[in-house]
């Protein structure tokens, strides 16, 4: 059999080790740095020879449950995979569903989706950076990351009515309009965040201890990143310019001028710094969205017509969408659709197969953390035991998302 | 054996008697009040994230809501903690770990269930891979919401503090988690 | 009359330095107060830098200062679990030893002019030598608990000891060479006009860093590296046993801070004669204040730094700290040769 | 990294820490004393108005968590919704789909219970008025304000 | 030559069908014994990594459809997803593993084995991934594995 150039050397995932000399350390599921998963780390002296991730501790069977629920009920279901980045993960499902249903989204709704997606992305990155801080016991970075994340959660709450689980995007549009003073508040938040990022650099990213811990650790080379199918900031930190926002036409990204940041080093520090770059870009996108957002309806005309006139009036007054009764039993025509959306952690992939009934025949979701799981086996090999949390922190792995 | 004198007769096994004596000592009012005051302001939850409510749990201990004001300090190993917070869904695989963690914790220990997934499964109520934690542990406070707001977590801490200060808790004899599987 | 005499005798006994110093100041009672306050200060400082309040409701009018009391009381009443596989005797004795051993050197540390429990010529090396015994207890703990994480923690402690201990001794030696004495009291009295840190800043820096390493404070809290090994050697400890080992680190920090102040920051000078007339130890209160402020600075570092890796810390110890501390010895010799006299 | 720049970075980090140690920068809401006022659109506990309900059962049909059930009394034709807060995920679909505006979110969400039985609300109790327990105990309302210097601050109303 | 032509030329001899249901999706069906060959040709076209491996249970046709979604990092190809699908028998689901072609199939195929019981021959670690290790029921994503579904009406007295 002819082997392609991408032949996977499975043995790469471990160093040669003599089974007798290996010290096995179980990290997790109850462990200050494991989250909801377990790693079986095998050490030869202080050097990691093999890491075996044991996941499934948060496997809540979303794909099976989606088959038992009507289409619209699966929006909150999939949202629970990544509640810290909820609009992005639901948007993928909604996009796939819209493709099946053949619905166009009105421009204002597309802009609002983009707005919330970017707010979510910032919050998700701050979450990841905070955890990267605590993984080398830098408690201030953890507290700052989580504290400043509250600002973005507050903005999202004002827009949607929930702190984390917004359930904001629905087929054909979004659920609520911009509050009146939103623009002013968002711009203040952005200006504050820009100032704060400088302090972040001083206390954490330029801190010699942090640099010592993260620089040149867990280097992911460009070709390895491509070979392993990595997505998200981890991929872009290795020099590959790939972002689902460029790939798939969703939201308002085609009408907005933005750069996708790329770094070449591929080490843990560059993965962290890339997230800082993305926060800056996201804030810029939010600025543009607030500038450019067009007027108009926030739900597709097709569904708007089904809402009784009386309710439509209250809708306009409150800015909150009422659902047409049809939503309880959406029936897309038989067929299949895929959708890709860039989350904070990377690209999420949906594939829906419909058989014409009100419930999907099969929904497939592949989340970025699940795809990046390979990194947690690949990167730590050959490093010291103390580097393991640092690498884990730099990958920004979110177990409920991977386990679904 | 039935003890006519309020369970303080020291007979039989020395270890058993010593335990009874210390229990009697601990239950005397001034000491009991001191103990309950200390415990109520020193609820240390174990660092055990079962699911995505951990995000809001973290938010509750972070600057905006700062649960450390109540003396609430997420701590490292179950051995030093006295509060198990089940943050969201408990899957079957995680339930095994949760039971071990609970056993490792020293008495007196408390359990708070956070989020609807931990109460009755929430949106995952018919999933094949989840368990209901209240069937495994004696639970002190239930928090609804998916995820609950950090204020609700703070509320549960306040409720637990009151419960402890009113001595409405049992000092179990290392009670094992209930249920199999 | 007899009764009064006995009472007077007892009071005089208590106030005599050999009793007062180890029991009250700077000994046991002071240490307890420091333990209860410095952990609270540490949590409050971290909280302030991290935009929040920290412990509060336990005693709201005084900013939650009773938090450590509540924690300690809770520890006291908590169940003590001895793991089945542990060596129970070592497991139970080691925490007590870990609190006592760092406390022992206090008998050689003078708190004011000629106010010391046991006056010896070689108090400086004695203090450092006894405080160097603490790691042994930590290794015993790690071994006794018989858990993978504790054993890794114990090994880390063993690696760390040799990385900092030499530099600690050598930089102290640099000052001893300069002042020509190993007696802490004499060293302080020679700094009346000029603190040692100005004469030999190199030794001060190396001693400070080695001190931070010795007490496992950030950025060198590698032994308790919670992200890798849960709580290091202390993983299995419950209740009051954990309370004791948690306190031990702070006791050692306190003793080393006292030594630092006496070596480099001119100890109890400025001496307050007025208070000194009431009771000799009171005059040296500036020693205590300086040591406390130094402790506050060291616990403040928790909110600034992350943690170095073990091999990085060791290489800092061997490759930077040791040469620098040797250089500080030569600096001292150079100063002597140049004829600098206090 | 040269020694000089390393020293500068150490000093930078420590001085940033000191800056925040002495600046007034806390963002904490002292919860049981102060309570954040949630906006009108906040999706908190749900309130039900039985007089408006038309028994269409759309809310129960769209509930993703099967938290809302239609309660039918023996012998009666009409059904009314009741909610189970052991399951409600506060997605607000029921409120959004209700064609008669009989369901409404209240901005109350800081609730915890000591037993599971209290969390099931049949139609009669579903209409109960929600009050935040903090406000009941006399907390002061604060609202979140964005500030360019300090980020999120909370000022009393 | 555009992508569709390229694909048709490259795969016409082994594909049983090539469809274009959506602008960004190319669906290629092959027989199960030619899956490896087809995959290699798709890689040669530049689709260098997998987005997903999934199985769809089709009890009526007594088959499990295994679907590979390949995507590319190349700028000109990245807008398209290539869907490669094949069918295996439901009672003996065996398929050649593609981890030598697409390395990131490692966990994706393992999950498909876990959830549908499709055996990937040549896969180095087919063991439980998401399900608990003591799972002994039928694979949960098969259609005959039923989960409880609740009605919306509750009767009361």
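Which chain is which? They are A, B, C, D and E, in the order written, and residues in each are numbered from 1.
One rule holds in what follows: a contact is a pair of C-beta atoms (placed from the backbone, for glycine too) under 8 Å apart; a residue touches a chain by one contact, two chains touch by 3 or more.
Note that this is a predicted model, so its numbers are computed, not measured.
*Asks:* Return the chains shared as contacts by subunit B and subunit C, ordered by label.
*Replies:* A, D
*Asks:* Would you kindly say which chain has the C-alpha centre located farthest from the C-alpha centre of subunit C?
*Replies:* E
*Asks:* Could you tell me which chain's Cα centre is nearest to the average position of every protein Cα atom shown?
*Replies:* A
*Asks:* Of the chain pairs A-D and C-D, which one is connected by the greater count of C-beta contacts?
*Replies:* A-D
*Asks:* Hey, how far is the Cα centre of subunit A from the one of subunit C, in Å?
*Replies:* Distance between chain centres: 46 Å.
*Asks:* Need the CA-centroid distance for the pair subunit C / subunit E, whole Å please.
*Replies:* 62
*Asks:* Take the average of all CA coordinates in subunit A, do the same for subunit E, and state the distance between these two points in whole angstrom.
*Replies:* Whole-Å distance between the two chain centres: 23.
*Asks:* Report the inter-centroid distance (CA atoms only) between subunit D and subunit E in whole Å.
*Replies:* Chain centroid spacing, subunit D to subunit E, equals 41 Å.
*Asks:* Please set out, as single numbers or ranges, the residues of subunit D touching at least two other chains.
*Replies:* Expected reply: 13, 16-17, 20, 26-28, 30, 61, 63-66, 89-90, 152.
*Asks:* Residues of subunit C that touch two or more other chains: which are they?
*Replies:* 49-53, 56, 226, 230, 303-305
*Asks:* Can you pull out the residues of subunit A that are in contact with at least two other chains?
*Replies:* Each of 31-32, 56, 59, 61, 64-65, 68, 76-77, 140, 143-144, 147, 150, 165, 203, 207 in subunit A touches at least two other chains.
*Asks:* For this entry, which pairs of chains touch?
*Replies:* Result of the pairwise touch check is A-B, A-C, A-D, A-E, B-C, B-D, B-E, C-D, D-E.
*Asks:* Which stretch or stretches of subunit B touch subunit D in the complex?
*Replies:* My answer: residues 63-66, 69, 116, 119-123, 125-126, 134, 140-146, 148-149, 151-152, 154-156, 158-159, 163.
*Asks:* Considering only the defined contacts, which subunit D positions touch subunit E in the complex?
*Replies:* Going by the criterion above, the answer is residues 57, 60-61, 63, 66, 68-74, 79, 82, 122.
*Asks:* Hey, which residues of subunit D end up touching subunit A in the complex?
*Replies:* Residue list for subunit D touching subunit A: 1, 6, 9-10, 12-13, 15-17, 19-20, 27, 38-43, 56, 58, 61-65, 89-93, 96-99, 101, 105, 144, 146-152.
*Asks:* Give the list of subunit A residues in touch with subunit D in this complex.
*Replies:* Touch list, subunit A to subunit D: 69-70, 72-77, 140, 147-148, 150-151, 154, 157-158, 160-162, 165, 167, 175-176, 179, 185, 188-189, 191-193, 195-196, 199, 202-203, 206-208, 211, 308, 311, 314, 318-323, 325, 327-329.
*Asks:* In their complex, what parts of subunit E are in touch with subunit D?
*Replies:* Residues 150, 152-157.
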